[in-house]
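Following: one structure in structure tokens, then a few remarks.
Read from first to last, the chains carry the letters A, B, C and D; within each, the first residue is number 1.
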Amino acid sequence: MTLVAESVKDQRDYLTQLDAAIGDGDHGVNMDRGFDAVGKALAGQDGSVPPGKLLTLAGKTLVSTVGGASGPLWGTAFRRAGRALGDGEEFDGQDLLRALRAALEGVVELGAAQPGDKTMVDALGPAIDALGAALDAGEPLDRALAAATEAAEEGARATVPLQARKGRASYLGERSIGHQDPGATSAVLIVAALQRAVEREG
Amino acid sequence: MTLVAESVKDQRDYLTQLDAAIGDGDHGVNMDRGFDAVGKALAGQDGSVPPGKLLTLAGKTLVSTVGGASGPLWGTAFRRAGRALGDGEEFDGQDLLRALRAALEGVVELGAAQPGDKTMVDALGPAIDALGAALDAGEPLDRALAAATEAAEEGARATVPLQARKGRASYLGERSIGHQDPGATSAVLIVAALQRAVEREG
Amino acid sequence: MATVATPMKKLLNDPAEVVKESLAGLAAAHGGLVRYDAEAQILVRANPAADKVGLISGGGSGHEPMHGGFVGPGMLDAACPGEVFTSPVPEQMLAATKAVDSGKGVVHIVKNYTGDVMNFKLAAEDALDEGIDVESVLIDDDVAVQDSLYTAGRRGVGATVLAEKIAGAAAERGDDLGTVAGIARLVNEKARSYGVALSSCIPPAAGSPIFDLPDGEMEVGIGIHGEPGRERRPLGSAGEIAELMIEAVVSDLAPADGAAVLPFVNGMGGTPQLELYLLYGEIERRLRNRGLRPERRLVGSYITSLEMAGASLTLLELDDELTALWDAPVDTPALRWGA
Amino acid sequence: MATVATPMKKLLNDPAEVVKESLAGLAAAHGGLVRYDAEAQILVRANPAADKVGLISGGGSGHEPMHGGFVGPGMLDAACPGEVFTSPVPEQMLAATKAVDSGKGVVHIVKNYTGDVMNFKLAAEDALDEGIDVESVLIDDDVAVQDSLYTAGRRGVGATVLAEKIAGAAAERGDDLGTVAGIARLVNEKARSYGVALSSCIPPAAGSPIFDLPDGEMEVGIGIHGEPGRERRPLGSAGEIAELMIEAVVSDLAPADGAAVLPFVNGMGGTPQLELYLLYGEIERRLRNRGLRPERRLVGSYITSLEMAGASLTLLELDDELTALWDAPVDTPALRWGA
């Protein structure tokens, strides 16, 4: 989670630029404010708290600090993922896969975005599919997550030619074409951070 | 008078720039609006109207169309000059000298500016002195007016190093130093136009 | 004097604190009307109204006086300000809802933006869990956005101000929850808006303009978040812009012939009143030429995008009841009459 | 859509017609309050007050809502708008004076600028010739200008708004010519102002900013005509700017310890309310720390320089009578309460 916070902070201005192009220029600031708060909230927890609970707490914190569209969306995603992981001390690839699927479902329930609408869904979806495929192919979790990160990056890049159909960017109509979606980009940061975290645990 | 109108129109943006530097950037527009109106007012007059009457009408028109500081000041100047010329069909150098002195008195009465306060007075004063000196030296009127124009130009240039003590420019305190006074500059235009007019009559 | 390493051309301290500090200043300036609850991040009436339907709204900051300037007798009971151009969070709406509920339920005026809709939705669910009846009214009057499967739907803009004033009067006279919400929805149905920007604006946290607009060009079909509009065009004369706005709203609203209307000419923040009234003159004349009857009007910068230069037209088709509710007394920092 | 070969970022038609067209729009928007006499180039009350001392003011345009926005019951009887940043001409003041005189005489509120003073002077002489008693009140509250032999004297700025409101209330309650003028002069004596600019502004006729101000710098000690101030400094924080303004006005006004005061925090036109209220919060807190008691307040863009970004502080020391007159009902396009 700290890793997410760090990379969000690094990328804050980049996310904001992306949002300025097709949105209202606050995505980076929103995400940064949110994950700052998450960092503080988790700092208050002792080591014994299971990952699922931490994710749920992170989700609640995002909902109550980010605002905008990404707050409820990412907040719901983390809460659903946390709930899916439950109280287990540990989680394996399949647990993680289930958790991410639950997260995506939550996002779609709330935001009703279809693949190709130029949203975070276009990065999350491919990442999850790649993770599942890699795990089915017997890849170890860290390699599988590397594949997921790549897929997320591709997915985010693939939003460039798309015309937005959801969120603020949709107001631009065809003018939204040619810009990468900020939310999809923060999805990449989150998946990549997850990968690095798992790598560290080794 | 038409000549004044023309040169004011030519110099309109220059006057406005000067006023933007140490005032509020409207002097050119003000003078242009005023002399436009003067042109229209005089156009309504038949040729028989004596010069003094024309000047008086011009002054009234300036007062009622220019506004700002220069409106009442130039308006009064022209009215006083007109009154000094009276109903005479013709005027000679001495008449003109008296008229210009009356104009300057009117400006000083209304605006209480001293020489060196960085105002139109600093161009009008020297011009009148030069005209008087040249006439006393027996110069013909057109040559005397050429001398007056030169003196006005010098006077206007000499306002550059001065600190304004009257009008808007005085609010700038020392920051008014280094800029030529707009009103002094329009004084040059007016004296020069007068010179050209007399030359034409030949 | 030390410089601040913060946005150019802005009066502020820490960009992260702009909203909080500004709310504190608003409450200090209008202590008789509004109170700032810093903990809950909401503005509530200084003298809460007992025993009436509650009316709250909220949204990103940077649109002042909307919404905080509309809290007071005859209009809102509370406002939930988010960060600049960012929807507030559910906790704020929940706190405001609880603060203003007198048992008769609470109406949420929600501008149609993905973020606002989602956050208000989560808040409404929480309020329901706490046993408070909530009616959410969605405002989506911006005709620049084609309402279709291909967008998030029309944005809520100028009609928000009119709905808050008119529904506020209905709540004040004692209408019940369904009626107040119904009147707010009627205003939304009868109003259309269209906006034009002549410059962008500078969100304090970003510190630079969201887009830049060369002289002699304008963005048409803009919203209120400094976002670019549907299209960029050469700058038109005030008359041409008036015609553009009127055509956009009238063709979509299709008011009855000779209908009584309320034209609301709104400044985006950076447009001087000198220009705004000039534009109003152009608009009123053209409306009359189309056989419409401006019987009420509102001209001023009431729903803004920080210092953006530009203006929007909101046209509301009036009936006798809407007119009477518009005329009812209102006493807020930004709108006041009959009080 | 055809472009207009006119100033960038402005909503207008012909720059030469801006003022006239804007006045027509103002009258259309507020027909119940003001009437535009296009021939005389003045704004008068829609319902002239019979049998009271008349109160008029005037000056260059570009400062809206001042003065036209202050015409109405409880404030001005008429306003004389000049071209942008250019004093009106004597004919206008004479026409306004004749229009509002009910035999009890007319007070002229004149801001201390060479042009305004001279044009009002010529008008007052003409009015006298027509047998109308005129009392001229000179407003010169700007402490940024050292009042001395070396300047045209202090400029009239924010105190003008307060003097027009308070003297307007005195005239409305029936005070005679000398008393109304005396109260206006008292307001001027008891008020001081100081302004700061974060950007210049664009006069329509000029089409470009009067000066330009790099990011991160500010002009301190500005007037209201987009002219540069006394000095350029690095941009300060809102707190630092509040301190600068307060120190300037308080040290010059030297109010009694614990005096009741009215802080008027005025936006220059292009500064968003978000920032203006933030600044107000900083100012009120600091005034209290100095033992002064803000008992009335005014926050908003009431005397502007077109779209200039910046703000000014006007501090008025109150007594019971000034407070009562401030509270009296006023019903104008820009200031309204108790009505």
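Brief remarks follow.
By our rule, contacts are C-beta pairs under 8 Å (C-beta built on N, C-alpha and C of every residue); 3 or more make two chains touch, one makes a residue touch a chain.
From a predicted model like this one, the values you see are computed outputs, not experimental measurements.
Greatest Cα centroid separation from subunit D: this falls to A.
Averaged Cα coordinates give subunit B a centre that lies 54 Å from the centre of subunit C. Subunit B and subunit D have Cα centroids separated by 32 Å.
Chain geometry summary: the mean Cα position of subunit A and that of subunit B are 74 Å apart.
Along subunit C, residues 84 each make contact with two or more other chains.
The residues of subunit B never reach two or more other chains; the list is empty. Chain contacts here run in a simple line, from one end chain through to the other with no loop closing. Listed by chain label, the pairs that touch are A-C, B-D, C-D. Chain contact summary for the complex, subunit C toward subunit A: residues 60, 82-91, 113-115, 118-119, 121-122, 144-146, 149-152, 155, 203, 205-206, 210-211, 223, 225-228, 230-231. Subunit D contributes residues 1-4, 6, 8-13, 18-19, 21-26, 28-29, 61-62, 64-65, 69, 84, 198-199, 213, 215-216, 233-241, 244, 265, 269-282, 284-285, 297, 299, 304, 306-307, 309-311, 336-339 to its touches with subunit C in the complex.
Contact residues of subunit B toward subunit D in the complex are 16, 20, 23-26, 29-30, 33, 63-73, 110-111, 163, 165-168, 170-173, 175.
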